[in-house]
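Read through the structure below, which is laid out as structure tokens, and then see the notes.
When the chains are written out, they are named A, B, C and D in that same order, and each has its own residue count from 1.
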Amino acid sequence: MINTSIFGASGYAGGELLRILTGHPKVKIQQVTSRQFAGLPVSLVNPNLRKKTDLVFSHPDQLKKCDLLFIALPNGESMKYMNKLKTLAKKVIDLGADYRLREQVTFENWYKQKHLNPEMLKKFVYGVVELHRDEIKKSSYVAGPGCEATVSILSLYPLVKHNLIEGKIIIDAKMSSSQAGLKPSLSSHHPERSGVVRSYMPSGHRHTAEIIQELSPFSDKLDVAISATAIDMVRGLLVTIHTIPKNGVTEKEVWKAYRAEYGNEPFIRIVKERQGLYRFPEPKILQGTNFCDIGFEMDTVSKRLVIIGAIDNLVKGTAGQAVQAMNLMYGYPEETGLEFPGLHPI
Amino acid sequence: MINTSIFGASGYAGGELLRILTGHPKVKIQQVTSRQFAGLPVSLVNPNLRKKTDLVFSHPDQLKKCDLLFIALPNGESMKYMNKLKTLAKKVIDLGADYRLREQVTFENWYKQKHLNPEMLKKFVYGVVELHRDEIKKSSYVAGPGCEATVSILSLYPLVKHNLIEGKIIIDAKMSSSQAGLKPSLSSHHPERSGVVRSYMPSGHRHTAEIIQELSPFSDKLDVAISATAIDMVRGLLVTIHTIPKNGVTEKEVWKAYRAEYGNEPFIRIVKERQGLYRFPEPKILQGTNFCDIGFEMDTVSKRLVIIGAIDNLVKGTAGQAVQAMNLMYGYPEETGLEFPGLHPI
Amino acid sequence: MINTSIFGASGYAGGELLRILTGHPKVKIQQVTSRQFAGLPVSLVNPNLRKKTDLVFSHPDQLKKCDLLFIALPNGESMKYMNKLKTLAKKVIDLGADYRLREQVTFENWYKQKHLNPEMLKKFVYGVVELHRDEIKKSSYVAGPGCEATVSILSLYPLVKHNLIEGKIIIDAKMSSSQAGLKPSLSSHHPERSGVVRSYMPSGHRHTAEIIQELSPFSDKLDVAISATAIDMVRGLLVTIHTIPKNGVTEKEVWKAYRAEYGNEPFIRIVKERQGLYRFPEPKILQGTNFCDIGFEMDTVSKRLVIIGAIDNLVKGTAGQAVQAMNLMYGYPEETGLEFPGLHPI
Amino acid sequence: MINTSIFGASGYAGGELLRILTGHPKVKIQQVTSRQFAGLPVSLVNPNLRKKTDLVFSHPDQLKKCDLLFIALPNGESMKYMNKLKTLAKKVIDLGADYRLREQVTFENWYKQKHLNPEMLKKFVYGVVELHRDEIKKSSYVAGPGCEATVSILSLYPLVKHNLIEGKIIIDAKMSSSQAGLKPSLSSHHPERSGVVRSYMPSGHRHTAEIIQELSPFSDKLDVAISATAIDMVRGLLVTIHTIPKNGVTEKEVWKAYRAEYGNEPFIRIVKERQGLYRFPEPKILQGTNFCDIGFEMDTVSKRLVIIGAIDNLVKGTAGQAVQAMNLMYGYPEETGLEFPGLHPI
């Protein structure tokens, strides 16, 4: 049993963490902070938690010592407080972007701001469990990966590692509205956001940096491009990844690579069916789950290997992945608290 | 630990039962039957259960003895098989409509068909746990209530019992597409069904009979009318119930009545907030949960007490409520297997 | 050919007016004003008008004389400027709420603010064309009705006038997000607003005052109640109106009353079919049209006459109805500019 | 004024044609045929046309001579009847796939069936007006292009013709449910289809053949791949096209190529804004319109030129494009009957 707190808990990532941790048998939630909502019940902003918890938001200044601190602040914020926060907790999992990139210069290039705490960058382990299980077990500092990076890295890792693809990797991402967070704006205003197929970032997505960082150990010539399109979906993320298979690569070899890397992974499912409606990964049935579903198809007309990856951006893409890392760090079974199978129909 | 089977498991109610029972610590699922899918994995029609169960559909003719049998057949089917099925199981929970109404004539009036097994009608207990807890504990036969009836009965019961309302009760129900089941038709065809606000049953809803049956012990002049409107929602059900308060009834008395009846109920929440977005019940955050949320408002201009009730039609309205009854029947804690809190945002 | 301007044109009502007037063969749009967007093309906020108009927003201070001025300001604003604005235009159509209620005290009761220009109240004609055609023809000042009031009045008028109903009238309104206007807030934030069935106003809707004003000439004991529920819809409005028919009233008489009042109305359709999917009014196929579709069903179990009315809140509920009034005021055929039939499927 | 008939008018393409032709000032609709609905009013399946037309479906055997015959049959059907149908009409526009491909072998390769009327293949002009305006003017036979092909060809044509791109062209298409037509199935069943991001065709889309046919005159090494993903949208189609710019190609040159080809096109808009929410093409505001909106962005990190194209699949992708061709064939202004600007918000 561990004491955990969440620093900056009033956003969607914090709320999802709360939802998961409330049902986690090995966790006592000690404090959750919010400047805006201090003193109010967490169920005010998380109406799903009514009758599940009586927790009340604490003011950030009142944060006490705990075993594990989750940080769920907007990008650029946690690096301001890290030196103080790390004195309050033995272990830290930061869900934001500040400690995901190992190189200060890479961070500064992509985020267009100075890193305020570069000395801590190399202490953080990048929190994709499937790639860094052993490091995470031993680590005290984990950086929660970006949701778009998570699904892309997991979809591509076996292919790159097993040397099955070459040339440009094009990630066509279909994004949901919860990814933009809790802050209302005209672009999230329902009459404007509803029904969109909005090319909000045809190029230049910052998660590119994480993908390259994580896959470059396995390939020296990575060329990764992302185009992000927002669709009418609250939760969920699907990537259609267009890759070029090396000459002679067959579907069988692709299967083998995925099995080799993920055969024992509790949260990865290879979805490639001949029957039924759900022949490939589909984000809607992943809502609330920690699964990453991955499928693929060899294009027999134009030389191409299409990879399809899906996650719930708030669970496997954020809070669930963080709890999976926490479970590892404390020796709990990896699935603890993450058993929800998802709903169908939905 | 009990052995359960599901007879007729390939529809949405059966799928939801499977989802819940798969995570229930006291249940072993022995068989699930489907004529159409016999021999195929249940995950073919329940893609959310991939990696959660290896269960395969059995042919109905191969149904074996079990402790508890759930029946999830279309209305009018279970009464054909009941005499045989009850020899195979010590206890039966039928999710369909065949045994919900105690009077044969009432069934035949509303369902426009002859009842084929009227001698069993009085052996079944109507499965709204909050009204029939003691009977269910002792019963071997439980009839799972209709979803629309469930939320309406739960919303109205304290008011009728405490004699707070009079005159006509008008239930304006907002319905989802999963209520119509798994069978495709032009009316469920996405381009036609999407975006509708369809008055598919302005009057004459058959669940009226259940509501009257359950509330009439507390009032001798019940006048209940339902208008059902289908909206663009897959799961969930909200009723806006327009009632007339008796002279002098105050909001305080309404509060008191709900507290008296539901103060200790694990799955009922009175939702009536002054702050936040979710001031009244909202079905979207109930998806996957067994909660029934109830709110109300006294109309100070036109004499009226408006009650708002919301459930997930497949959980509290069907499968979850059935598992709640099962828990009672076997002395398990009532919430077992029904702990999922629901998601936000969604 | 007339010169028209729109004062306060950057909101949804103003945008819809622009859309309609751009295609109106008898109208020259002289100016459209916006404080915020002055100098910018109207297609910036109305992307549907790209290539349809080169119009640029003017600053409100630069408003010039015109034949007809439309005012599309938030409630409570036009009464501040009316005395000045009426010197600039021979005729005025105000889409806001300020001049809809003939009695100052009624306005002040419902809107909880002082009326700043009560002397003009009785000069305005209430703009439901079907009830006030002759007055509108002769008038220089028209108040555009509220969308919820429009569909409710049109649905009820023949019944009240022909003395077919009695007792309480309960309007259960299903509302869309565009009714709340262009201003983002947490309640309109897509992850929160999407998928809702939100009882945002179980009682106390201000349009009640308009309905009573318009129907009271035909009945001395009007008791009208509205419950408003927001659903996941951008455009459109459906009311399910629960009424009590007088003793002995038949569906035939209801038909007769609607035919008597609306038989020659170009924009009202009585929709009550035995076949097909669209047996009753449905707002989705009315998007962009000026139709008000009305249907009904006699409840044979509980004594009740259910009326179903649907409109596009921005067209028949706002801008289209205003153009219909304008056509009348200038002797143009009533349908001019309002011919769009709507789309199916959609 | 011309007499037109529609052969096979009860589907979505036929319904959209009807909607447009009903408002076309130069067209008299003589007959619309449907085997299933013969004798019934067209408004039964096109509820938007109530009060707009009294037309009744004719049986196909009763088709009479007319000036122009539109054929709106499922793929593979019109080639069975063409020899007879062409005796009944001076001009024919076939909306199906049977006459789109000039080469019999190409048709048979992609459609996996024998062509039954190959001698007519070369008499048909491929109906993308922007590429074949002069031929269409002189032609009696026009083949209406596939919706996915239309938007892809229009998006790519200036780039290929002006020699600005090289290598593989990857079309990531986001598709709506109306594209699959009127026939219900489990895959179109609302609870299953709603909310999907379904990779229903990661490779092998048949419209590839049309794209290659139309663009190959301008390039001898076309390599085109399509991945099609169905999203929760009834109408509309967006393609994100990932291309490789030739060395040194700038955004300015891209602009120039689009302007050169489309500067005078009434239905093509280049959408690439720095401000506002609708900076790139967006299908939702195109519903009901004949526009094809095209935008682009040069990727400065990975060498890539991303093209974004959007249409309403039933208008510019089917019926509207056919009417545009008809207007040309009869010397009417090209926009006649196609003036609807689309709605916002929607």
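Methods note: a contact is a pair of C-beta atoms (placed from the backbone, for glycine too) under 8 Å apart; a residue touches a chain by one contact, two chains touch by 3 or more.
Not measured: the values here are computed from a predicted model.
Looking at A-B alongside A-D, one finds more C-beta pairs in contact between the chains of A-D. Chain centre most remote from that of chain B: D (centre = mean of CA atoms). Inter-chain centre distance (chain A to chain C, centres taken as mean C-alpha positions): 46 Å. Averaging C-alpha coordinates per chain places the centre of chain A 36 Å away from that of chain B.
Chain D has its Cα centroid 39 Å from the Cα centroid of chain A.
In chain C, the residues touching two or more other chains are 12, 178, 186, 191, 195, 232, 234-235, 277, 282, 345-346. Taken in their complex, chain B has these residues touching chain C: 168, 170, 172, 174, 186-187, 191-192, 195-199, 202-204, 208, 223-225, 227, 229, 231-233, 236, 238, 240, 242, 244, 277, 279-284, 295-304, 306, 308, 310, 345-346. Residues of chain B touching chain D in their complex: 12, 177-178, 182-186, 188-191, 193-195, 232, 234-235.
Those residues of chain D whose C-beta lies close enough to touch chain C in the complex are 12, 15, 19, 22-23, 44-52, 178, 234-235, 266, 269, 271, 273, 275-278, 282, 285, 287-289, 291, 339-346.
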